[in-house]
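Each of the next two complexes has chain A plus one more chain, namely chain B in the first and chain C in the second.
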Partner chain A sequence: MANKNKKFIYGIYDDADAVIHTVEKLRSQGVDVHDCYTPFPVHGLDRAMGIKRSNLTIGAFISGTIGCITAIVFQLYVMVGDWPMIIGGKPNWGYFPSFIPVTFELTILFTAFGIGILFFIRARMIHGKVEDLVDLRQTDDLFVVAVEEKEHRFDKEAVNRTLIAEGALEIREREYNK
Partner chain B sequence: MSYESPIRELLVTGGKTAGDVTADICRPLEGKPTKLWWLGFTISVICLGILVYTLALTSFIGLGMWGINKTVGWAWDITNFVWWVGIGHAGTLISAILLLFRQKWRMSINRSAEAMTIFAVMCAAIFPLFHMGRVWIGPVWALPLPNAFGSLWVNFNSPLLWDVFAISTYFSVSLLFWYLGMIPDIATIRDRASTPIRKFMYRFFSMGWNGSARNWARYEVVSLILAGVSTPLVLSVHTIVSMDFATSVIPGWHTTIFPPYFVAGAIFSGFGMVLTLLVIARKVLKLEAYITIGHLDAMCRVLLLTGSMVGLAYITEFFIAWYSGVEYERYAFLNRMAGPYWWAYWSMMTCNVISPQLFWVKKWRRNPNFIFFMSIVVNIGMWFERFVIIVTSLHRDYLPSSWVMYSPTPTEIGIFIGTLGLFFTCFFLFARFLPVINMSEVKSILPHSHNNEAESVHQPEVVTH
Partner chain C sequence: MAHVETEHLTEERYSMTSKTRNILFAVIGIGLILTIIGIFQVKGAGAEHAAEHAALVSNGHEAGLTAEHHGPSWTARVWANLLLNSWYTLIIAVCGVFFIAVNYAANAGWASGLKRIPESFGAYLPIGLLFILIVIIGGKQDLYHWAHDGIMDPDSPNFDAVLKTKEWFLNPVFYYVVIPGILLAFFLFHRMFRKFSLNEDRIGGVKFFNKSVAWSGPFIFIFAFGFSLCAWMLIMSIDSHWFSTIYSIYNFAISFVAGLAAMTMFALFLKGQGYLSFINKEHIHDLGKFMFAFSIFWTYIWISQYLLIWYANLPEETEYFYKRLDGNGGQFQFQFWLNLFLCFGFPFLGLMTRNAKRNTTWLYIVGTIILVGHWNDVYLMIMPGAVGEMAGLGLLELGMPVFFAGLFIYVVLQAFEKAPTFPLQHPYLQESVHHDVGP
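And then the complex of A and B:
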């Protein structure tokens, strides 16, 4: 990060619609919304904030492919390469259908855990991380719009006015020294 | 695109606000446990003790403590295994398949159903593990490790090994799905926590969640992908369980109808158990506003549908046994119906085929007492289904001189009761420490939250660009 000191203005709302309208209005005024904090996924908010579709799906596909290939290669190595088992006179090579269930399960296992782990990395979440909250009730029933105070071309008064006009219950400021 | 008919019932009744949802769902977690909770928990722990005792008997003395013999090598243990795995199917069905179908009524029942899935699969895993005899080395045999016991590797041609992969994948993916879905709710409890120990524990498991809209957007994509992969997974698990039987050459097992028939049966029994638990839980935890009569009604319809599919499968099996002209196959089925285990067969038919048909009557679908009774009937019926398939197919094999009868020993009965104890102990702990209803999802379907308003009806649920 270039700026060491980051300043934020937070508008606190009790209505999901107000949050969407605030974000739309701020963005139409050319103010970037840093983030919003909501107790539940507010549909349409990501569109209003201009969040692009997450590319975690690509990660899921890649990890699933790795799982699929791992399963096939491993089973062929075990059953054909390393120690062919002749059971009931069944051929090992060319007995591929019996490898499908395990391949299928491992593909799913890798996909699920791949996207799960990538999500935690991307969302910067880890067990025991201390939460960064604006208000304790943002996980209960309050909604927060966070605007970063930029050094240049930032009209703090206008932002405050917009936040209030859209029905903010409270406006807070905070500075991060990191 | 989602379409909602204007006459559809409210999913959450009583005009709740988001704050009410938090307060209602967190109340059982934050107060002192009730006497009823202590009573149920104590009984469950006693049953869990029976499990430990009977499993110790099995381990120290050996499989001779069970009633299985040379002819009937699989009996109560595998019956219970399949029964528990089946019960474990409703959770993922509700959370994954109903998510893909945009069924919003899933939202207040998915959490407890998923918890049930995980606990049921834990119970199921006990049976094959202990049936391997020496449980302390059994898991080593089941894992794909080079070993010195006979062959050098596990046999990937064996459906029993497929089962190891299917069940363990199912368990771990369900656990991930359940946990991921719970993180925002754990964060909610964290932010309400009043004691340092609670704060510490819920902080640890909430992973720093703060409800950021950027993370919500990713979270929804992850949920959708997990639902997408869990759907074929849940169907594959019981398919592979059924292959344990279907790939063998035992008359009565060797049928191609098994995979779909087992999957339908699993969903049937899973919903049976979900109803058993939720009819009580909504009363005890005072969640009638969230798990409404409408929810029970919807689940009864699933019971009716899957019960009819199971009934169709039973009849198809009989028809094919006759139509195939295979003497052994015909005998196996006649023996089921009129042999020494006729009572098990007819219990199964009554509980699974006839009784769900009562749910055609709307009044009965909306009567919690009747539903509770029926859910027990379904649980019993599905247990008998597995018993019938497994024991009656085995006890009279190709060689009449080896025909025997099977009856369970007290140890086997003890293990079964014990797994019920394990299941309910886990469920009572879950209801005590974790939110039984997905708060964040339920908040999003409240009538006055943005998501249910007219304008969002025209948008897909997960907004993607």
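And then the complex of A and C:
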């Protein structure tokens, strides 16, 4: 039976540029970098890791559209369909301007909430989840490069050598049970 | 930082190719010819119009024609067009100076490599001022109702008590002295920023950068008030009885979004010519974002003005939109709704995706639509009040913008020739070169 445990090698650095170089070097050697953990966004790191553009913007657009439609439908239902109201002598049907502020605000509200919720789901940051840090200081001043140890065609020694050559402070290994 | 990547850049100068020059001269010439033909057309139409009225009057339909109907003559249309185009190009030029000042004040570095483009916009300011002066002096009677004889004089039959209360602003001192003075001040500020920038190229160091930062604050302050006064006096006072407190911001929104569209297209053009090689998709992307964002800003201001007037429904306010929507049997109605599409709908949907903002051809198209749309926007601010039923879209309205566009591009490119294409000693140049908006 195949081993379902996942093994990771972590290189810990104290310099953002060294992280970028390590990632570039590893990828040029054909090693997939699993992820990097940094205390702040490092410019150029996502390019170096070859991360594809997030689909979050599409989610934002869809949530915005839902908000826009919700606002229009709700207002039409309330102001025109269910209980027609004339306020300030304005026609309740056929003139749109008074709907615009609510439509505008609800579009923004739905977009903001939608993108926030989708982000938390995508990043698996559910409330109450216990953090699983490689090193506590990765939230302060250290940077972590994580490489998944594969079963086949994986030269652990070479990866270790590269990590050290690029200036890793220490190297750790961990195993996760799926 | 452990390592700093610096790109080695060498001074680069732009020189207009003879092809560009010839095309621009041809554009200016065609525009001028069309304008002249247009003026004669308008004059002919004006004569017919007058004849019609004479016929009606002689038939005894005097009531409501002679007394009320001293409508605008054909010259009003010519002056209104001149005001429209000179104001539009002027606010685009001012936007260049404002853009530089804002970048200094905000300590923003990404655009410093592009800085010479908005800087060159300022070179158009004296020409814009000249055109405005021509309009101010020549078109006063045709354009501004408040400037007619006797309006401010209680003994005159033309006396208008409402306008009398606005005399503290609508008077010759503001009209002839303060407004040109403000425009002159904009130009002097431009000269000062330009001088700092050129000295920085020559001498280097951060001294001139710090000076620019220090002066950008006062400029923005003066710009805010001065631009508002100009918008009120030159454009809003056409509809003398009407006023809107958001009007100057509305004009500023037009200025900024049209200026950014022009800047983007200049950057794309120069890059296409092989200059500014370090300008890449990242900078273009940010300019596209700016165009997108300020199209929405414009819409926000537009709806704020429209919505409040529509909702409050006060006759003295709705007059403005009545003229534009239903006046003269809906003469401007199509343009009114088209305006929303060109200035909001199209840029909003067209620039929404990331790829759209990074596509050169598409940005040319959207930039052109934005510039045409906001020309139409200014048209709608001026024409219904100043020209009314005599207004239209003819050769005059086609030729004059062509002439002004050619002139503006020529002046800007010529100013661009006079200095290196990017400020080599600017402290933020490397930041601009390595600008990256991420994947």
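Here is the rule we go by: the second predicted complex is superposed on the first by the 174 of 178 C-alpha atoms of A that agree within 3 Å, B and C clash if a C-alpha of one lies under 4 Å from a C-alpha of the other, contacts with A are read in each partner's own complex, and residues count from 1 in each chain.
In this section, a residue touches a chain if its C-beta (ideal position, glycine included) is under 8 Å from a C-beta of that chain, and two chains touch if they have at least 3 such contacts.
Remember, it's a predicted structure, so these values are computed and weren't measured experimentally.
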Partner chain(s) touched by A:127 [first = chain B, second = chain C, both, neither]: first
Partner chain in contact with A:17 - chain B first, chain C second, else both or neither: both
Chain B versus chain C as contact partner of A:65, first or second or both or neither: neither
Which superposed partner A:101 touches (first chain B, second chain C, both, neither): both
Chain B versus chain C, judged by how many residues of chain A each one touches: B
First (chain B), second (chain C), both or neither touched by A:160: neither
Touching partner for A:140 - first (chain B), second (chain C), both, neither: first
Partner chain in contact with A:46 - chain B first, chain C second, else both or neither: both
Chain B versus chain C as contact partner of A:89, first or second or both or neither: second
Overlap of the chain B and chain C footprints on chain A, listed as residue numbers: 17, 43-44, 46-47, 51-53, 57, 90, 98, 101
Partner chain C, residues of chain A touching it in the complex: 15, 17-18, 43-44, 46-47, 51-53, 57, 61, 88-90, 97-98, 100-101
Of chain C, residues touching chain A in the complex: 1-3, 303, 306-307, 310-311, 313, 352-354, 436, 438-439
Residue ranges of chain B touching chain A (in the complex, touch as defined): 17-19, 22, 144, 151-157, 159, 161-162, 165-166, 169, 172-173, 176-177, 180, 183-184, 187-188, 190-192, 203-222, 225-226, 229-230, 232-233, 236, 240, 243, 439-441, 443-444, 449-451, 453, 455-456, 459, 461-465
Residues of chain A touching chain B in the complex: 16-17, 20, 35-47, 49, 51-54, 56-57, 60, 64, 74-75, 78-79, 82-83, 85, 87, 90, 92, 95, 98-99, 101-102, 104-106, 108-109, 111-113, 115-116, 119-120, 122-133, 136-141
